[in-house]
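Each in structure tokens, the structures are laid out below.
Heads up, the next two complexes both have chain A, just with different partners, chain B and then chain C.
The block that comes next holds the complex of A and B.
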């Protein structure tokens, strides 16, 4: 079912938790609400679930406004970070609970519970109490309970955050697989950007209750609308350097007391229309910075290696030049050592953000 | 003489070494003991607890036995079996000139008081505990603080004031009046207990039940109530015991002997005569204990059964 949030605002006392949020979630898609904790993403989810009532705005399921519909009539399944299983009921009773409330007959309930628990591979655990289950098993039970009544929409509130790292990676791909198989419209809340990138069809990045960007993972990575999205997405985060832009002899340069980069031609064209912008933030992702021992070219004069961190397949190298710091991910074969002087080259895209508004200067308004 | 010193030194060294070894061994032994210590500890604590509880157990045993015996050897060992002491169950007791009323209406009074206090306390404190735990309203903190203050007052301090209040609202010399006072004075504590239990039920669980299809009543019935069971058991036990054992308010506010309860009845058996019939007294006392024991047995399981699972942080 298609979900539409139309100018949603939620105010708790004096705190504006969600501010004028507009979001359209297509049928059968998995959309992630992503943001740091306290940004209003869970509040948004609870409004969609019907537990909170929006202060302003309308929530549409399909072609119906559901603002006044209680949670039980919304045909949704909900999984909490804590799983919120009923501790006094067995796994079977937990999963069967929504069906019992719908007054379905016993055989039907048995059949459905068996089916969903086989699907999620928890059919061996049906007689246990939640406290006797591991975190991963509890999570599956919670998902089973959410799915057993065949909801139109599945809501997941940080469903993987209580699992250990290895299980988390496994479960997120399983959740994605399950979602695609069932084709169920899913809204997934998380603060983990890598989790969001791997499962989402589309990601809504939220900060302080305001939607920052709503687009696919690729676009979020390649064309962040502002500095917040740029630094929030990607790990390790994008390098940001303060400075200004200047034209010299028809060429465009980024300058600060320590560095001087010439900027690509295609940036020049865009920036010419915003000539009044002078103070900028320069951004480049660590994986797009290459280091070399070659002779200096004109704008990449030697940097000093401050720190080398082992990241597994790659090395995270911290470079400095004066007060400017730059991090780069390089192959292990380089084997740099601290104190070495190196030169840098940008192999990928560079970004420029307005210093005041934080907006990406390369995005159209 | 020449090589004596080195020898001595060597000996000394050996001495040190063996001491060290010994110390090491001792440490090992201590560590070894630590493993078995818990079992020994268990035995010791069992013995200590047994010793402490023996006098209590013996006095109850004495009470029970003496209620069934006509004569006690030195007041300690029962000699012959009789049901004479239990005659209050089927006939009114006559002591000198005073004819005591039958025990059954008095028992009924006591039960009525105990159950009424239990019922209203559980009802009111679960509702108020829910409100204090779940709703954010003006004056919530003040109310919570005031319940604590009220709880801190000893009931005796309020005796005269309550007497006037009961007199004014014409509830003096009625069981209803005593009930009202008991309930009012005990609600603060039980409310606080219940609030603690509600605080332990996560919002997520309640919300989940809404999404699963519960209305408010069903959430209360199927999710909250089962999780609240130990709390309800606790407050109903407390309130039952306090209602059943109430003496002071009955003694002060009730004048008609037909309206008294077992506690004051028991008192009157002791108080009114120079010669106390210990056999009768112990039989009545045993009779007085039965419901308490039963109530405790029934609530004990719920009291011990605390289940807040489904959560792994």
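The block that comes next holds the complex of A and C.
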């Protein structure tokens, strides 16, 4: 089922929780609503579920406006972060609950509960109470309860946040696999960008109730629309350095009192139309910064290693030059030590953002 | 950590003395008293079980027991049932918290009123002449003759008067219990397809079972012991129509000055209370609930 949010606004008292949100979710896709806590992503989900009513705007399921439909008539399944398994019911009763409310007959209920619990591998647990289950098992039961009535849309509100780190990584790929097998339109709310990147067909980044960018994981990473998206996506986050751009002898430079980077030629063309922009934020991802000990013509060896953090496969190295700080991810073979002087090189894409608006200068309007 | 016995006694001692003087000693005295025939002469004449034999062979005792059971059962409908309805109305069905609070506060007001004033109010409501509130209301519907509520429905009078004030305690307890149910459960049930009635029956009631049990047993015991409203409103009459066990005990001891008999009746009431508590536990499956709690 295709879902369309058309100019959705939700106001609680004086707080605008969701501000003029437009979103189109294609049939069978998994879309993630991503943002920091309090950004309005859960509110949006609860509006789609029918628990909150939008203050303005329309919600479409397929070719029908559903604003006035109560939750039970929307053919949705919903999984909460807390799972909300009814503590006084067994696993079987929990999963059967939506079917019993639909007054389906006993055999049909039995068959459907067995089927879905085999699919989610929880058929051994049916007689237990929720209290006797592990976090991962509870999560599966919650998913089973959401799916048992074959909903058109599956809504997941931070479904993995209550699991420990290892289980979370496992369950997110299982959720994705399950979603693809069922081909069910799914809306997934999370504050965890790496979770979002791994499961999503498309990600909607939301901040303070306003949609920042709605695109695929790749595009979000490669072409963030603004500084918020750029720093929110990717871990460790992108380096941001304040400064200005200048033309010198036909070349383009980024400058501040500590550093002077020459910028790639292809940026020049884009920036030409935005001549008047001077104060900018320069961005580069830690994985796109290389360090070397050899001298270059342009810059003498001039960055000092302040900190080396072991990240497993890689090292996170903090460099400084004057007041400017730069973080870089490098292979362990380099074995740098604190206090060493090194030089840097950018191996990947660099970004420029307008200092005032935060917009990516390299994106078209 | 090692704690000295002397310091334990230092801290607990004063309180223990109070408990001893005002709770424990009276109970012992009541028990001893119930084996005497003490009357206005206040002499301790032990008579063995004869007080108990006297009551257990009297048919009036069983009538009073029946009256007590009817009174307790009917008032419980208010104190638990109506209390639950009021709590539901002011929580689940009222999203505007200030409105709900205002309503609950009004219902709670009689708790602040002296008992006598509250009873006077009900005497006016049930006033047998045309000036009583109920009779006035009836006359609005075209009924010309007034009803003498106190003689026609004495049990109704005391149940109403007690139930209306009694319901407020359950209402407050149930409201806070309902409000502490996570919204996720309610929302989840809505998405699962439950309507209001189903949410109340399948989610809210099972989740506030502890509170319901607590109020049920607490109210049962306090109703078994309550006689003040009845004393003021009907004094047990007409005849023995509203004479409940505790009032009977009070009359025996302080009206007829038969302290031995009064004490024996009190002791029997304690036994009745214990029986009721066990019945309450059985109804709610207390053991099973304890089991759930432990594994939680």
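Criterion: the second predicted complex is superposed on the first by the 361 of 365 C-alpha atoms of A that agree within 3 Å, B and C clash if a C-alpha of one lies under 4 Å from a C-alpha of the other, contacts with A are read in each partner's own complex, and residues count from 1 in each chain.
Basically, a residue touches a chain if its C-beta (ideal position, glycine included) is under 8 Å from a C-beta of that chain, and two chains touch if they have at least 3 such contacts.
Computed from a predicted model, the values in this text were never measured in an experiment.
Overlap between chain B and chain C is detected when the two structures are superposed via chain A. In the superposed model, A:260 makes contact with neither chain B nor chain C.
When the shared chain is aligned, no partner comes close enough to touch A:2: not chain B, not chain C.
In the superposition on chain A, contact of A:87 is made with both chain B and chain C. Between chain B and chain C, the partner in contact with more residues of chain A is B.
Of the two partner chains placed by the overlay, only chain B lies in contact with A:135; chain C stays clear of it. In the superposition on chain A, A:359 makes contact with neither chain B nor chain C.
Shared interface residues of chain A, touching chain B in one complex and chain C in the other, are 46, 49-51, 70-72, 74, 76-78, 80, 82, 84, 86-88, 97-98, 101-102, 129, 131-132, 145-146, 149. Residues 202, 204-205, 207-215, 218, 222-223, 226-227, 307-313 of chain B are the ones touching chain A in the complex. Remark: chain A residues 46, 49-51, 70-72, 74, 76-78, 80, 82, 84, 86-88, 97-98, 101-102, 129, 131-132, 145-146, 149 touch chain C in the complex. Note for the complex: chain C touches chain A at residues 182, 184-185, 187-195, 198, 202-203, 206-207, 209, 292, 295-296.
Remark: chain A residues 46, 49-51, 70-72, 74, 76-78, 80-88, 97-98, 101-102, 129-132, 134-135, 138, 145-146, 149, 162 touch chain B in the complex.
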